[in-house]
Amino acid sequence: MSYFFQLVVSGIVVGSIYALAALGFVLIYKSSKVLNIAHGQIIAAGAFIAYALTGWVGIPIYISFLLSMVITFFLAMSVERIFLRRLIGEPIISVIMVTIGLMSIIDGLIFLTPFGSVNFSFPQFLPQELISFGGVSISWTQLVGVIVTVLMIGGFSWFFKKSTVGISMRAVSDDQFASMSVGISVPRVFGLAWATAGLSAAAAGGIIGNITGLNFETLQAFGITVFPVVILGGLDSILGAVVAGIIMGVIQQFASGYLDGNWGLNGTAEVLPYIILLIILLFKPHGLFGIHEIERV
Amino acid sequence: MSTNRWLATGNYFTSYQDEQRLFFTHLDRTILTMFLLLLFVWPLLFTLSNKYMLVIDNILIAVVAIIGLNIVTGFAGLISIGHAAFVGIGAYTVASFSRTLGDSHVIITHAWPLMIVLSGLTGAVFGAIVGLPAMRLKHLYLAIATLSFQMIFTWTINFLEFFNQGQTISISRVFWFTGKLGRKDHYLFWYYVLLVVVVLSGFMVRNLLRTRYGRCLSAVRDNDRAADAMGMHPGLTKVYAFGLAGFFAGVAGALHAYVYRGVGFESFTLHHSITYLAMAIVGGLGTLNGSFWGPAAIITLELQVETLAEHAGQILPSTWNLATALKPFSFGLVIVLFLMFEPRGIANWWRIVRSYTKLWPFRY
Amino acid sequence: MENRKRMTVVLSLTLIFIVAFTFQAQAGQTYKLGLSLAITGPTSDAGDPYSKGVEDYFNYVNDMKLLGDDKIDCTIRDDQYKTDITKRNFEDFLDQGIVFYLNYSTGSTLALKKDFDEEKMPTIPASFHAGNLVDSSYIFLPIASYSAQAIGLAEYVVNNHKGSTPKVAMFIHPSAFGRGPVSDVEKAVAAGLDMEIVEVVEHGKDLDNTAMLKRLNSKGVQYVISQTIQSPVATMLKDASRLGMVAKTFGEPPPTLSPRSPVQVRTPSWPWPRSTGVMIRLPTPIITPMALWWPRLLPKSFDAPRPGA
Amino acid sequence: MTTLSIDNVTLTFGGLNALSDVSMIIEPGLITSIIGPNGAGKTSILNCISGFYHPTAGEIRYGDRRLTHASPHQVTKLGIARAFQNLELFSGLSVLDNLMLARHTNLKYNFLQAMIYVGKASRLEAENRAYVEGVIDFMELEPYRNSTVGNLAYGIQKRVEVARALTLDPQLLLLDEPMAGMNIEEKEDVVRFIMDIIKERNTTIILVEHDLGVVMDISDYIHVLDFGEVIGSGTPEEVAANEKVIEAYIGED
């Protein structure tokens, strides 16, 4: 039984990171209806910035994490400013394509640094002891990762529900023209959405970097694996992102725990999320928590 | 009909059938015929190195694939982030024959035109299956469904023993009337095959686009509710778009398998899907001639950057990383710049050039 | 610098081959070589330093006049780990008239095998996949193949294990280079190596290997032989140490961070295998990533079954 | 000629009744208008008829065919066409292409013939093109034939919308506020077109319209809806005298 629970716990740990990464997608989608394909690259950038600050500049690690979040915040904001601002009003397909282009551009920029081809790992700053209960163990790194994720997701939900900026972001997602007419600056809201997404991406990058080490390929692949999570959750729901993230995390653990090694199967954790996604989409075309809009004609 | 059939100075149509013509003047037709003739003749006049023959073959393969992608993404407006997987389906159709029958079985070496068509049909079937969610899914959800197909495809190839677990499955050299093709003629021979395929597909799609089979694609792109009210099933139309795209992708895949004489999963990854999308965008989404410009532009760019990288590497050895980083960077930059400043792609430049020459000197 | 040492071994052998194959050459000639490898893209963590090593080495050869008046001109191309680009590079090198070709990935080596034979182009790949040698007479492995290395490790495990038959799992890359050695190790076991292969795990891009490690543990696995690239092993090692399986390295010690970094990595419980040669002893499993390419680690008695030979 | 009958149709959205227990009979060859205040459910009825919504309860029959669960494209094939209230044109295509799309089901060549084009496909295309030209002529759209629809003026787009519905060669034409947002002259044009359609093509028309003046002038029969219920039916004179209708339009006191 402890095997089962260990899988569940590991699944939740991985899943909560998925949720945090998915949050970045949701933030951008909610306000501008754009799916940011380059999010994995932003996550990687956030993680690498944190490493560069601590490993090369020598800033204490906690501060460098915070700094990387701030830097990525502005980085994402300027990405929106430079590349996406002009595309407001263009068809969504071209905006999504721009994010695909951005993905390549950021890839290229990362290859300029050693991060493109060398593995790094964050210095450890948390206790090495394991936290164990009933045969289930979790490391401090993972625990802190989950806690940070929970805090950030909670913070963002609060921000969306209560703060003025959050409310204006929701308004923009609802109706751009109407929000313009009540004096909300739509471009500013888009910029902010990207910026906050960048912030959450940096946090996610930091956590993944601590758990797995900094490898560009892993981080890129992570950015892709988040897609099924986002879609499963329903693109515009923070709650959906959390639930779907944890579902996917647990499913992946179960897949490698129960499927791999039996019946000649291997690496099922990589493909199962997509299969499950397809099946769920057949029954719930808007994900688990996505808004199903009634089409008016 | 105007009396001067070479330089029409205006619209002299007297029947609706007149208006359907692809070439409005003899001049247009002659220019295209000459151009095609040139494409067929130049290899006889001078020989290109194998590298560049391979590059040209590669461009033509991509053209066939992009014609397919343009149908689904350009005309029908359904983002497909899994086009490389469809190309892969085509390639692996040939590969599975090679796996079961041996790589130099008669079917593969002699009946290769049949294999190419068969791969196209397999691609079409898979395209239609993947398109099935389009009956219910819209927009991004559909795009991610195609992404899922890409991932599932890669995984399946990579883990199934039958597909040699993603390792190269070799395909033998084919036979022509002159006998088995040698290494020397290989790329040239496939250049001609590809050229024929491209020209045929080009005309086929050009014709389709001016019939109901093409119009319905733009209809579901622009407004699928209205399309529904016009008496077409929007879901089935989308499935059909995916099927047609799958066909061209499958053909491209089979050609890829033959040209490279082997099939390995590395040529059909997500990265390739994205490259195909980039080609379609740079060429011009929703235009037929964009399907030719896109691959040519992107592959040329890649080569240019490679050369640049090499020069930089020779002059400044320490800039190796700078030089290689240029590749993805320039690739991304080209996509972004095109979308920002010329969202209609190179096809739009072509349109401008054409309309300019049409007015020159006195045509109006 | 283990990397450098390894590179030297590989390249000196390369050089011998080149000299051997071009004995008819005149003095003062320049030999063209081509290398196509992944400087960017997957496995670039190995390819990037490899390319630099090759470049430096040939500069060294030319500067030190190791070939007398002859020079080597080696063109290096990035193929991003894509077979079709590798093929294009190879055709280009042929057009340039290379006399010797250096390849990189297993996938492209297998894909281009026929071309090497047709062109009679001697090739040294950076991949020591034993399958490279099957049906080909122009591919050369300057050191033991991955299979041989893996069997060497297996023998090491058997020789140092106390008690009944050791239970071993293999943790491999989901590609030819990972899968290749498996069957050869299995052959060695069938031929009498006292070891039981409990499971072969093909890893994905997992963020967490808990499930896999727990499963192996429950099957009584005592050692894990790895044949893959760095980062999956690193992830697994972290999870292993989290699950209380004490990790122990052998080979190169784990690197430390820059002296200014506030925290030093503690050895050996938190290793980051920068070099690919790390062996970890868990209370039960031993984890040994790919490429114990140091000949000194290979048991003397070792006789690698060369496929096709 | 076929009669459309709507029997006790109820349409519910998330517990809210858009239509409750609506019944009406549409006689062939007449102009039947459906009027009512905003949100009364006029467009919902059209949506139910044309298959965009499916009634929660009740039945819609066209002759002996049940439309209750039919999809829009099935309804269209029965000869029921619709012009939308908020333009639902293919805005990226030319007027000609928009109208040719309406001939979709009449172009009966197969895929292979389409690929080769010469022969049957070409002939059918030309024939249907001629039909489309007839409609263009009828709706006086000649100057805009090759313009992209999205770039045309609103009034013209509305006309294209009607023209496209006509191109489907319907027996029953549903017009959803064809005069919304138009000035007097434009309205007069549309009224003239509607009268022509009835006269020349012998089409049954269901008209949803806000302009009571127009409705009273041209309708043969009127149904009045309020809060999803039919509150009055009859000839224009009868409806004008109906107290409930007056109440709904003017409000109590």
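We call the chains A, B, C and D, going by the order they appear; numbering starts again at 1 in every chain.
By our rule, a residue touches a chain if its C-beta (ideal position, glycine included) is under 8 Å from a C-beta of that chain, and two chains touch if they have at least 3 such contacts.
All values reported here derive from a predicted model rather than from experimental measurement.
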- Message: Between chain A and chain C, how many steps is the shortest route if every step has to go to a touching chain?
- Response: 1
- Query: For chain B, which other chain has the most distant CA centre?
  - Reply: D
- Is the number of contacting C-beta pairs greater for B-C or for A-B? A-B
- Note on the structure: Between the Cα centroids of chain A and chain D the separation in whole angstrom comes to 47
- Task: Could you grab the centroid distance between chain C and chain D? Build each centroid from C-alpha atoms only and quote it in angstrom.
- Result: 71
- Separation of mean Cα positions, chain C and chain B [Å, integer]: 37
- With chain centres taken as the means of their Cα atoms, state the distance from chain A to chain B in Å. 33
- Residues of chain A engaged with two or more neighbouring chains: 111, 116-117, 266-267, 270, 295, 297
- Task: Two or more other chains in contact with one residue: find those residues in chain B.
- Result: 158-159, 225, 321, 324-325, 327-328
- Task: Can you tell me which residues of chain C touch two or more of the remaining chains?
- Result: 39-40, 48, 174, 202
- Provide the residue numbers of chain C that touch chain B in the complex, in ascending order. 39-40, 48, 51-52, 55, 75-78, 80-84, 87-88, 91-92, 94-95, 107-108, 110-111, 114, 118-119, 174-176, 179, 202
- Task: Can you check the complex and tell me which residues of chain B touch chain C?
- Result: 49-51, 54-55, 58, 158-159, 165-168, 170, 183, 260-262, 264, 266-267, 306, 309-310, 313, 317, 320-321, 324-325, 327-328
- Tell me, which parts of chain C touch chain A in their complex? 39-40, 42, 44-45, 47-49, 174, 199-212, 214-215, 218, 230-231, 234-235, 238, 242-244, 257-258, 260-266, 269-270, 272, 274
- If you look only at chain B, which of its residues touch chain A in the complex? 73, 77, 79, 133, 136-141, 143-145, 147-148, 151-152, 155-156, 158-159, 225, 270, 274, 277-278, 281, 285, 321-322, 324-336, 339-340, 343
- chain A residues touching chain B - in the complex, by the definition given at the top: 35, 83, 86-87, 90, 92-94, 96-98, 100-114, 116-117, 224, 227-228, 230-231, 235, 265-267, 270-271, 274-275, 277-278, 281-282, 285-287, 295, 297
